[in-house]
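Letters A, B, C and D mark the chains as written, and numbering starts fresh at 1 in each.
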Amino acid sequence: MSGRLSRLRGPNNEGLLVAVILVVVVAMALSSPAFFTAGTFFALVRSSMVPLIFALGVLMVLISGGIDVSFPAIAIFAAYSTVKWVIGAGADPGPWVIIAIAMLVGAVLGLVNGVVIARFRLPTLIVTLGTQSIFKGVLISYIGSVYISAADLPDSVNALAGSHLLDVSGGGYLHFMIVPVVVVAVLVALLLSRTIFGRSIYAIGGDTEAARRVGIDVVRTQVWLYVLVGALAAFGGMLYVILGRNANPQSIVGTELDIIAAVVLGGASIFGGRGSVLGTVLGVVLVQLINNNLVLLGIPSTWQRAAVGILLLLGVGAQALGARRPNGHSVDVEPPLEREEVAA
Amino acid sequence: MSEQRNALRDVNSRVEAGWSAVLERVHVAHGVGRMALLLVLTFTFFAVQRPGVFLNPVNLTNMGIAAPEIGLLSLAVMIAMLTGGIDLSVVAMANGTAITVSSLYTAVGDAQGQAAAEGWAPLIVLVGVLVGVLLGAFNGFLVSVVGITPILATLGTMQLYNGLALVWTGGVTISGAPSALRSMGGTAVAGIPVLTIILVLCAVLLAVVINRTPIGRKVQLQGANPVAARYSGISPRSTLMMTYVISGLLSAVAGLLFLSRNPSASADYGSSYVLLVIVIVVLGGTNPAGGFATVLGVLLATLTLQVVASGFSALRLSAYEYAIAQGVILIGVMVLDQVRFRRRPLRRRPGMQDRPVPTPAEK
Amino acid sequence: MAPSAAPVLEVHDVVKTYGGIHALNGVSLELLPGEVHCLAGENGSGKSTLIKIISGVEKPDSGTVVINGRTHRHLTTGDAIRSGIQVIYQDFSLFPNLSAAENIAMLSELADRRRISSRSRIRAAARRVVEDLGLRLDLDADVADLTVADRQLIAICRALVNDAKVLIMDEPTTALTHTEVERLFTIVRRLQERGVAVMFVSHKLDEVLEISQRVTVLRNGAQVASGAAADHTPRTIAKAMTGREVSDERLVGEVPPDAPVLLELDRLGRAGGFSDVSFALRAGEILGITGLLGSGRSEIAEAIFGIHPADSGTIRVAGTERRIRSIRDAVHAGIGYVPEDRLTQGLFLDVSIADNMIAASLDSYRARGGLLDRRRVRDSIADLFRRLRIQAPNVGAMVRSLSGGNAQRVVLAKWLDRKPAVLVLNGPTVGVDIGSKEEIIAILREQAAAGMGVIIISDDIPELVTACHRILIVHEGRVVSELTGDEVDAHEIQRRMAA
Amino acid sequence: SSVNGGDPGTGSTDGGSSSSGGAADGAYVVVVKATGIGWFDRMEVGVNEWADETGMDAREEGPSEATNEGQVAIIQDLIAQQPTAISVVPNDLAGLESVLKQAQDAGIVVVSHEAVGIKNVDIDIEGFENKAYGAQIMENLGECTGGEGQYVQFVGRLTNGSHSEWVQGAYEKQQADFPDMTRVEDPIESEENEEVAYNKAKELLAKYPDIKAFQGSAGTDVVGIGRAVEEAGKTDSICVMGTSIPSVAKGYLDSGAIDKIFFWDPAMAGKAQLAVAKILAEGGTIEEGTDLGVPGYESLVKLDGADNAYAGDAGVAVDLSNVDQYNF
């Protein structure tokens, strides 16, 4: 068990990531003069925002020892149905209220996940696989499939969509929504490292039975976790709508595996118990950095899918080798020697 | 429309109600009993609702033609899951085989004419299968030698293989397949489509390998506890390598079925299968954590979803309503299982359920 | 101090069944402040279950638990902890992914119903206990990276971090050396003075009598004896536990002088572990290797079995030199290994006994067509099951459902089925009750007599004395002395280890 | 490459009628690339209108994701239901060959749309001649840019036949009539995804600071491009044109980020397919000049390159001036 946990984490994985990112950046800078511009940087930030929010949710679930593939469905369900409802009601309560409502919807969907998973102790991947197709199905069959374009979005949303934190004439701009995104990231980091709830998530991911025995209410913690993740996903969904200035029920769903990959690149263990917000941020940035600059690097369209695959493999491969214990692939739970002297 | 929705709700409630009752009496291998039951229930339900369409021989045959490729891909994922891993690249590997065969065939055809191409067909097919095996071996290498977690390794190779296929075909769908394959798609023996027979054969073979051969047992033990497996002198490298090679092989056969159903190959075919087969494998009773799986359970799960799909079509319900049903079935089954196991802690025996366990008493 | 009147903990005829099996059948006992109450019983007799019920982990089918005069119907772990009950679980129940400090302090943080977790507070709390016990532990290390012994110490610290009223220890000493056990006992005595009631589970009966005032013995979930420790000797307890006489006298057969050498180590060494280890093991011989924890005794075994291969010296098996770089090499060379950590390294918990038994010898059952010869499989399984007298409904039962004694027999069976030339056992009877212990050793004697070479690594000296022809004492990675024939004697060994 | 859970790979949608199989049940079914998408929602409007006007049993079906296997499964299920006619808007022309043959053998009339050169259909009906349509777009782009500067073309999928023909037609037109324009990249794949189109457009803007024009093919391409252009503050200096529908493009037409969109009304296309199917089912034939009685399809022209492909003249160009005439 303990061996499996350490399987995916290099000694100082964040360091490794920073290194990789630097290498990629240098490579890109060399291959294209257009790379080193504020515009590229802002574009990177912008395209990282939505994935990062999703990634934070995925991170928490991974730490607790689960895998969630339903967050994109929750995100678009919450965002689309909220926006549609607001428009239908002809009201415009302002973006923050809309976001709040969406997050409420997301929380409820998360609750469904949480209850099924915690109450019946079912494998999370499977449960969320099921709920995901239920959420998407319900959204399209009973709520709506019509593409809502910028023209029909509430003005306040469009306004927010156009609000910039800082502008570089011609060189693009830094979108205002980066502020709430950063805030959320910090909050999650604090939640995970500085609250009993957060530590309980790590504990459950480490050993659920042991968690029960030290008096953690596992069921309650898990349910709350999924509610939280649901709300987070919904925020990501609204963010997507705001940045994209459209609500398209067909969007987002299908990105789940890529996000999970980014989080694991960021050093979270697929077996639970390990992972950090910093690592996750780096993981997401790395993936976006690559995805965003394929054209800039002059990689032909037909090659781009393959390129992404190769880079992903290089990333996780480097990590696996970093986390490698003496005896090759197989997990080795034998304690390293020097520890023994300590006790002796 | 609404009355069909009621029908839907109705069937779900009926199924679940009847089911848990009957389950108590069914003492078959975990996954097999419940699926057999669910299959019968759904089939009867739709047969009663739309006898004309649903029992129409054409429909039954079509199910028998559509199911095999998905069944094979599910088996490919199943064996990976048996070792506690997963294989997301099965569809990509299948396409790899299909594209190889199709393009080689057309190439030879253009160069030396149809007859020659047909002559080379057996070799071409062999090469195609080999490609599938090699792709599987590469997965095996990443998992067993490099030590990448399967879900990530195969997520990467899924993109890589798919990307390479795109590069190779330039995104165009290539047409053409050996006539042997083409005719295979249409023909039936004693009313049973050849494709169905192929699926059953592969399944039986796989079942034998898993349960009756040393390597199969090692694969199971590897999934049950990798550390203990290593401490028992079982080499994780060879077991995992074997696992993913088999997975590639099954995918390759699935790729041939793609061609026999329609003589064309593209990089994008079957993208919607990837998560579907995982659902099937789990419905089939495979333990996602590894160590336990039954081939029969997976076959039944494949058929069940096939039946529900056609049934929904017959009831004129939409693809999205089918998606909902699929989710409900998945979670419903898992929950009922759980409830059932909670009641009988000691009855649960992951491992070798599908074969009688000898006891001293017997001797 | 003398136990005062009112019991802190009472258990009234508790009954607990698991799928038909009576884990506990009407057990009642009470715990007085300041007394050490020992719970003895064979594997599977119900000790852990009783503990799980007292700590709220499991619910009894009937019967009640009374804490400080308050009767609990639905006792939860939270309730138990808050009313001052602390448990050191047999499997430690630690979090491998968290630091030692956090493992120790987490429980109190939860008990105090805190919302915010403070690193400094946690570290302080942890350090306090650790220093209190005069231990040396790396508080920042992840538990995953610690030895079994360290983990056990951490589990103990965790139990003491809250000032407990009742301290329950389920086999706390299995992985500890004498010095550490002594240290633990001084702590226990100190707690006694503070009026803490201690319940102590151990298979080491001399320990039991040394520390406890009262003894309760369980057999098959029933209470077969309960009384003052003073009225008991190891023998009487053993009799109560097993219902028969159990002997621990030294009986070792003669090793014929012309017996072939099966294993020969020549100046074997591994940087940071051990060096210059040379010895020869002959067919029919049982060789004991002992030494303090960290002396390198386990590392020698791990090198022989290729877990952490040696980097100098040579290993010859049955006369031919073998390069052992991996476990497979060792297995193919004809070496078997019964690991220290039975549950993770030795067993497939969710696999049937039958399939555990043949796990190491699958290839030998290949019949024509590469298929398993199921008749032969069936026969050898049934045979082993009978020979090792494994208590289980049938060979189809999950190993998870076995107690340590029986679980250990399954590990043994796995190797016996492979018929290795040399069998190395690391702590073969850790957490195994004397009944099973005696039988396991008997089995080893049989195998040796049949020509196998056996190496036992253990710090259970009486056990070594009963079983071994020869004993090597390891200190700081070197073999410092060797006892043969009549030298083999508990006190002599103690003396040389101390030296 | 992105996968999507819960998709009925074996799935199919409405279909089957209460009347028992065997004989044709008089149903007309349009099988689209995917349901739940703006474009095909609009087509469904046309299909339903046609059903009301003619009193026929007509409906639209499609997988939940635009996949070949999804369409194959649906058509197979339909064959068992013996409809009078199936009209398909294929995701993959070659990928439907066998199943369409099976349908024809079962005596079902088979029509197709956006599928010039597809095998085993009785008639393929197009809104217009694809390359001409592409040329028409380039015509406008050329005017807009003054016939000079760099430009880039987007396609939804590299695998999409029609999209390829549109950009090809445009490219040829450009080389013929606007020699001073240069295509700086091979067609870019937007994966039918607005966000991807947006990101790639941003990259292109960075890579080619003085790029002059973009051509989109998937309905959401121009929107993604438009957003990128708008954010770069180059709405005036860059021309963005391509296929889309008013409801999707409106916001950016208003802001001027998108200059002109081109399309053919999916509703009319739906009606046209059904009209063709009906004529064939009733034993009629389609030839040069046939009038389907559907706006834009009053006088069909036979397309060369295929013996059974006919096109209407249903192309529509929309800019800010006339966008409000369209409610879809």
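The rule is simple: a residue touches a chain if its C-beta (ideal position, glycine included) is under 8 Å from a C-beta of that chain, and two chains touch if they have at least 3 such contacts.
Going by UniProt, the chains are A, B = ABC transporter permease; C = Sugar ABC transporter ATP-binding protein.
Not measured: the values here are computed from a predicted model.
Q: So which one's got more C-beta contacts, A-B or A-D?
A: Pair with the higher count of C-beta contacts: A-B.
Q: Which whole number of Å gives the spacing of the CA centres of subunit A (ABC transporter permease) and subunit B (ABC transporter permease)?
A: 30
Q: Whole-Å distance, subunit A (ABC transporter permease) centre to subunit D centre, using C-alpha means?
A: The separation of the two C-alpha centroids amounts to 34 Å.
Q: What whole-Å value do you get for the distance between subunit B (ABC transporter permease) and subunit D if each is reduced to the mean of its CA atoms?
A: 34
Q: Centroid of subunit B (ABC transporter permease) to centroid of subunit C, CA atoms only: how many Å?
A: Their C-alpha centroids are separated by 44 Å.
Q: Which positions in subunit A (ABC transporter permease) are in touch with at least two other chains?
A: 3, 69, 129-130, 132-134, 136-137, 140, 257, 302, 304-305, 308, 327, 332-333
Q: Which positions in subunit D touch two or more other chains at once?
A: Within subunit D, residues 1, 3-7, 35-36, 64, 158, 189 contact more than one other chain.
Q: Two or more other chains in contact with one residue: find those residues in subunit C.
A: If we look for residues of subunit C contacting two or more partner chains, we find 307, 344-345.
Q: According to the definition already given, which pairs of chains are in contact?
A: Per the contact definition above, the touching pairs are A-B, A-C, A-D, B-C, B-D.
Q: Please output the residues of subunit D touching subunit B (ABC transporter permease) within their complex, sorted ascending.
A: Touch residues, subunit D against subunit B (ABC transporter permease): 1, 3-22, 35-36, 59, 61-65, 67-70, 72-74, 76-81, 92-99, 106, 157-159, 189.
Q: Give every residue of subunit C touching subunit A (ABC transporter permease) within the complex, in rising order.
A: 55, 57, 76-78, 81-82, 87, 89, 92-98, 102, 106-107, 109-111, 114-118, 135-138, 141-150, 153, 158, 180, 272-273, 292-295, 299, 302, 307-308, 326, 341, 344-345
Q: Provide the residue numbers of subunit C that touch subunit B (ABC transporter permease) in the complex, in ascending order.
A: 18-21, 307, 327-328, 330-332, 337, 339, 344-352, 354-355, 358-360, 362-363, 365-366, 370-372, 374, 378-379, 381-382, 385-386, 394-398, 401, 414
Q: Under the stated contact criterion, what part of subunit D meets subunit A (ABC transporter permease) in this complex?
A: So the residues of subunit D in touch with subunit A (ABC transporter permease) come to 1-7, 35-38, 41, 64, 158, 185-189, 193-195, 198-200, 202-207, 209, 220, 223, 227, 231-233, 247-252, 254.
Q: What residues of subunit A (ABC transporter permease) sit close enough to touch subunit B (ABC transporter permease) in their complex?
A: Within the complex, subunit A (ABC transporter permease) contacts subunit B (ABC transporter permease) at residues 3-4, 7-8, 69, 116, 120-123, 125-127, 129-134, 136-138, 140-141, 257, 260-261, 264, 270, 302-310, 312-313, 316-317, 319-321, 323-324, 327-333.
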